[in-house]
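There's a structure below that I have some questions on.
All chains are identified by letter, namely A, B, C, D, E and F, in their written order; residue positions are counted from 1 within each chain.
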Amino acid sequence: MRLFLIFVALAIPAAAQVFTWSREQMIQYTGQNPFERFPDGRPKVPGALLEKVSGLTAEEVFTVLPGAKYPNQWEGNWRLLHPGRKLVGRAVTAQYMPLRPDVADVAEAGARAKGLAPNINQRVLDMLEPGDVLVVDLFGKVEQGTFIGDNLASYLFGRTKTGFVIDGSIRDLEGIYPIQMAGYFRSVHPSAIGNVMLTGVNVPVRIGSATVMPGDVVLGDREGVYFIPPHLVAAVVDNAEETHVHDEWTKAKLLTGKYKSSDLYPRPSDPALIREYEEYKKKKLAK
Amino acid sequence: MRLFLIFVALAIPAAAQVFTWSREQMIQYTGQNPFERFPDGRPKVPGALLEKVSGLTAEEVFTVLPGAKYPNQWEGNWRLLHPGRKLVGRAVTAQYMPLRPDVADVAEAGARAKGLAPNINQRVLDMLEPGDVLVVDLFGKVEQGTFIGDNLASYLFGRTKTGFVIDGSIRDLEGIYPIQMAGYFRSVHPSAIGNVMLTGVNVPVRIGSATVMPGDVVLGDREGVYFIPPHLVAAVVDNAEETHVHDEWTKAKLLTGKYKSSDLYPRPSDPALIREYEEYKKKKLAK
Amino acid sequence: MRLFLIFVALAIPAAAQVFTWSREQMIQYTGQNPFERFPDGRPKVPGALLEKVSGLTAEEVFTVLPGAKYPNQWEGNWRLLHPGRKLVGRAVTAQYMPLRPDVADVAEAGARAKGLAPNINQRVLDMLEPGDVLVVDLFGKVEQGTFIGDNLASYLFGRTKTGFVIDGSIRDLEGIYPIQMAGYFRSVHPSAIGNVMLTGVNVPVRIGSATVMPGDVVLGDREGVYFIPPHLVAAVVDNAEETHVHDEWTKAKLLTGKYKSSDLYPRPSDPALIREYEEYKKKKLAK
Amino acid sequence: MRLFLIFVALAIPAAAQVFTWSREQMIQYTGQNPFERFPDGRPKVPGALLEKVSGLTAEEVFTVLPGAKYPNQWEGNWRLLHPGRKLVGRAVTAQYMPLRPDVADVAEAGARAKGLAPNINQRVLDMLEPGDVLVVDLFGKVEQGTFIGDNLASYLFGRTKTGFVIDGSIRDLEGIYPIQMAGYFRSVHPSAIGNVMLTGVNVPVRIGSATVMPGDVVLGDREGVYFIPPHLVAAVVDNAEETHVHDEWTKAKLLTGKYKSSDLYPRPSDPALIREYEEYKKKKLAK
Amino acid sequence: MRLFLIFVALAIPAAAQVFTWSREQMIQYTGQNPFERFPDGRPKVPGALLEKVSGLTAEEVFTVLPGAKYPNQWEGNWRLLHPGRKLVGRAVTAQYMPLRPDVADVAEAGARAKGLAPNINQRVLDMLEPGDVLVVDLFGKVEQGTFIGDNLASYLFGRTKTGFVIDGSIRDLEGIYPIQMAGYFRSVHPSAIGNVMLTGVNVPVRIGSATVMPGDVVLGDREGVYFIPPHLVAAVVDNAEETHVHDEWTKAKLLTGKYKSSDLYPRPSDPALIREYEEYKKKKLAK
Amino acid sequence: MRLFLIFVALAIPAAAQVFTWSREQMIQYTGQNPFERFPDGRPKVPGALLEKVSGLTAEEVFTVLPGAKYPNQWEGNWRLLHPGRKLVGRAVTAQYMPLRPDVADVAEAGARAKGLAPNINQRVLDMLEPGDVLVVDLFGKVEQGTFIGDNLASYLFGRTKTGFVIDGSIRDLEGIYPIQMAGYFRSVHPSAIGNVMLTGVNVPVRIGSATVMPGDVVLGDREGVYFIPPHLVAAVVDNAEETHVHDEWTKAKLLTGKYKSSDLYPRPSDPALIREYEEYKKKKLAK
């Protein structure tokens, strides 16, 4: 029996992680992506669209996603590195589990065979491209769940110019704080990452009550983080444009204190106000 | 039986909410109010007194209230919109409960009969006057417990120039943040308010471990929110004036590092210091 | 001003609680009740129907209520006095808030005027009839939130032969335990009830995420407590009867270990099994 | 692009779940398993060994596993269906994530293509063999995280004669309670399972702070649940045999109250006691 | 400097723990104890009085202690080994802190010098006498906070015939469960005690919100644990005797369902009932 | 008996607190301290070394302490008064327990005999020297666990020029906030400190999962608080110096986005980069 096993081990090239999708699987599971893809099949939402997403807030995404049958794409209860810095980019996902050597040894052997870094977090970090946002399932682990310190945070920001979403902790907060990036994490601890194994890269991961796919557009604001499936990004952006104009006009009016809220919200009832708003909208959307 | 019920429904004009106080009830339950009242009987603590309250801190209220048998008027554990902005005004209260159609339908019919807005939060918002502070019992609900977004927050601030206390959540934090108002809330969520019904307006509400009455003076600082019964406001303000002077002098002395704390606090023991303090106090209170 | 107030106080007979419904209001808010009523208007679901409810489980209620637009009628996370004892009866509700003398004194004066007991919990207990289930909103208060000890628990059970639902705590657990009643509560504490005021009796109360109306049918099982609006009780009972028969037959089959679950559940696919089940059902429902 | 995608979708037979291991992968990742395997490669620890495991307690496993570099195989904080009933068997694992249609639709199409049941929990249940223990990662979900009710619990027990470990909730507790099986779960709720998708079957799953592999030996006692890798089961059992004898003798002595604990524990120091113990051990182990 | 230190170390016999009271200190801090003492000064409440305490419940202690200015003697939120088994005895206290070698090494050297067991929990266990109840401050630690397993639990019960209060965890619950003792603890874990140091024996310890002194009478019932200072035990017992009689009579009456609770509780108002009760009381107390 | 006790009370001079160390005990338990001491024996790490510690972060301490067998010296989950302000100084420790008069009265009598302030917090505050950091175990108490308000915070800062670590709460946050000091606390409350007694000063105290000794070097940064035993401070500082240089160079390189993280971290692999780094290091350490 042992012989047979060794034979199999030779015959099947081991993956570097327990869960790995081939390019074909990636394309199959993201089949609704209307955009280009990275070489590994991960959807590549265009930079121009990401630019527009950076002007959105969580509510503008919420207006579209649950109605499109995607109610599980937002997650809150984060600690923010720099509230006020928006986080926008394309998700690169990583999944960790508590370490067990029988599983980890097979995966590590596979990684070595591919010449990948042995370090469990750098292997993932070294995959990042500009515009990527790393999304890490460390199951909320605090002690030894510290995905990055100040050195690797510098790397991450230098490489991606975005930030990170870590369902776990970070270390070296004093050293990371000066970096002007957007970061979402659960806690902090001085310990180094340990007692975990990397089980998946660029596969679906669960972050709290959200499911995140590689290539999802990440939008982090003061409220929390939204993970937008690529095929819904355009609809979200289009819908938000009119909302922006509407809210701009409505908020300015309401701040005057001269109206009842129901005179203007959700929409004005007085014909003169309706006309005023319609003209404002026409002018704004024309730009 | 059903006929009888319909007859009753015709005979009794339904209230817009489950719990509504008549002007007479409001006056009865706030009988110790020494000030004027709004048309609905709600106590109207004078603006000049509110101005003085805005110079107080929670401790200065604490010095008076529990001793006057009001130990349940403070609530902490808030998330603050803008720490450092004080919240001061006259409480307008609202109570919500989980939705059940049998109850909600009767109340909504009553509201329609009075020409009130159907929207469960705007009906309350449209009642606000300058200087009011809205205090909402949403039982800490997060998802669908989002009382306001950026449009209605603009309205609320434009109308009252104060802020809000919501034992529930808000949405659109990214859009609300630029408004320079004071806000106390429990959490944030992108969802819209829903699955609740408005059960009371300007009746007593429970906010955590505090009971709030319409017309209470709301005082929010970095620590939490105090709800001061109108008949105790003057005593609180009077008591604080001397405390202010005392603490100013004492803190300046203690910051020098030259004394033992017990030389000066709670009061100086050295005759020279006593004299110095008495003179300082006389000069200050004279102003 | 003070004179005016006294005049009002004389003119309006104060209610014994802050929130009190007249018989007319009770009937208005429970207008869909198809059954008789108590003298105060509270719906009185017939004893024979209660008997049938005692054979149900939470799931059988769940099958009907959310679909009928009543998603907020169940509450879990209780501590149970005697798991395995079902709790069934007609809800009598009580609401408490943190004490403030200005409000409490008015209500207490009203209670005295009506000759009611001064004690804040006995006043409610003394209203109970056989078959009633007391449902108390004590906002989860533990210390001084102890609604009953062993003496009053004896009374409650002697009077109602049912049990209790207390969103607060009980005391004297050692003395209450021997009483063979069903009890749902949040915690235990040796202190006596205090620092609260009774604000409502037989008005809607919030128990966790459920809204309970006086006259609702309470059903407590090992899982938690359901509060069923009177007009939905018959539908729940009818629906459960066939479910009972279905589950009896299905469970017996599945326990044999001879089938795949999908052969039998939710319904059998094999014609012979379908026939067998239909015959079983006919026989059973005929009884 | 869309054409290309469709082409791919035709070319690659979709798996029934997002994460599926081939027989080869299963064997690779459980390469240290010294026992037979099920047709899908899952280790099959012999029944005789399972029998011996059923005599163990968590501590006896703890004595071996962390020392063998497996510190992450135990999980506590469960609610137990029947404390006192031991749970022993071979793990069948299932992983769920919050539903998103893009991913779920591909997997469901794969399942349909294989003729599998569409129902997200029955598909897993129908795979169970006698002696299996279902271990489900439902990420602690309570509402709509209810993996089984009384019908499917009957099936599960009828089929496996063991029990279940659900990192989520169950429904119909009143109906499940009479079944004399061992069950470990987090909570209860009347709702049905929903808003989730099955993402993996018989792949590694995280249950709290433990990583569970298909084929692990599950041992549940009053304390919690241990997941023992197959290649360590024999060592655990062997080690426990002497411990059993030691503890039997030691506990009996200590219960007499005649000794200091350090006279006997961890081992006796008096030569007469040492001799007595050695004789006892020889006799016992000889059996 | 180092020489000086060594000199000191020689000169001062190190205590076996960081905090140790001499017999004189023990007597000084328990100066109100009216009873005999153990050789180390610990108060020894007589067995006959303990016997009477075993008939009390938490409420009967609560009636006396806060009024006597002892409001901090009860602690709840325990997990109970055998609900229904009362725990009564004289407190032996132990305090632990997270391990630091500089402190622990000095204390261990002191212990070795006195010939005490090196094991951090057995050293305490070996001090126990019949009728003692061990009260351990392990600061709620779960993993490695496991004070006893089944061997040492056997010893503890064999020696004291009482039980334990551990503000920490226990291990081997499966093995401890069959022992018919009373146990109060916070959680369970399979790990062994570790990473802590014993800092005090028979000194005051904090158990949650209670302060426990060596020699306090421990009373554990279904509700939680009371720690009664020796000088208040007689007052508690005396007070409870009449309460017992009162409650017996009152509960029997109230269970009949024939009275309003206010007819009988807190005391009867009807002359005939008063007479009946007085006669009952006289007869009972005469026994 | 009572006579005997009084005699003892006269004979033994009572300590001002339950737990007090003599100078000899202090020296014994901090025997590894290589520095000078305060008159009471508390280690006095030199100011020059404290200066260097103020340039460190938690991670740089973590690199040394657990490896030196001190894993329990860090505590997180604080609320920070002014994130960004470092806290560095020599620990003065204080321990509180829930009040019980029998114990407190003896200690207070001792304090009076020594002419100490009766106030339970000022007695400790008045002991502070410049460079001290007060570390208070108030067991996380919120209400009545408020160690300082704005007057005493002014004193504390004026005296020490450092800050505080309070495992409890503070009051008067609005008044304390303007003081530019570093503060770590658990919560805020308007109440004054009460219902506690001071049980130890400059003895070991437990702060969460850390054990703190008088004289430990306190280092608070954005992440939490480290308590460094005096004999390890030099090693920590030495180790950090090279780390500082390493991280400076590495972070600057990684921020360029031109390298893979594994090219540079933990150390460079390319000979040219190695050379560049070595030269950088030589230059920097030479300064």
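Just a few scattered comments:
Here is the rule we use: a residue touches a chain if its C-beta (ideal position, glycine included) is under 8 Å from a C-beta of that chain, and two chains touch if they have at least 3 such contacts.
It should be emphasised that the depicted structure is a prediction, and the values quoted were computed from it without experimental measurement.
Chains that count as touching both subunit D and subunit F, per the definition above, are A, E. Common neighbours of subunit C and subunit D, listed by label, are E. As for how the two copies subunit A and subunit D face one another, over half of their interface residue numbers coincide.
Our note on geometry: subunit E versus subunit F, Cα centroid distance of 33 Å, whole angstroms. Subunit D and subunit E have centres, each the mean of its CA atoms, that are 38 Å apart.
Residues of subunit C in contact with at least two other chains: none. Chain-to-chain contact here is organised irregularly, matching neither a line nor a ring nor a star, and falling short of all pairs touching. Shown are all chain pairs that touch, namely A-B, A-D, A-F, B-C, B-F, C-D, C-E, D-E, E-F.
Those residues of subunit F that touch subunit A in the complex are listed here as 57-59, 61-62, 66, 74, 76, 84, 221-224, 226, 247, 250-252, 254-262, 264-265. Taken in their complex, subunit D has these residues touching subunit A: 1, 5, 8-9, 11-12, 14, 18-19, 24-25, 27-32, 34, 69-73, 97-103, 106, 139, 195, 197, 199, 203-204, 206, 209-211, 213, 229, 231. Those residues of subunit F that touch subunit B in the complex are listed here as 117, 119, 122, 125-126, 130, 149-152, 154-155, 157-159, 161, 171-175, 177, 179, 187-192.
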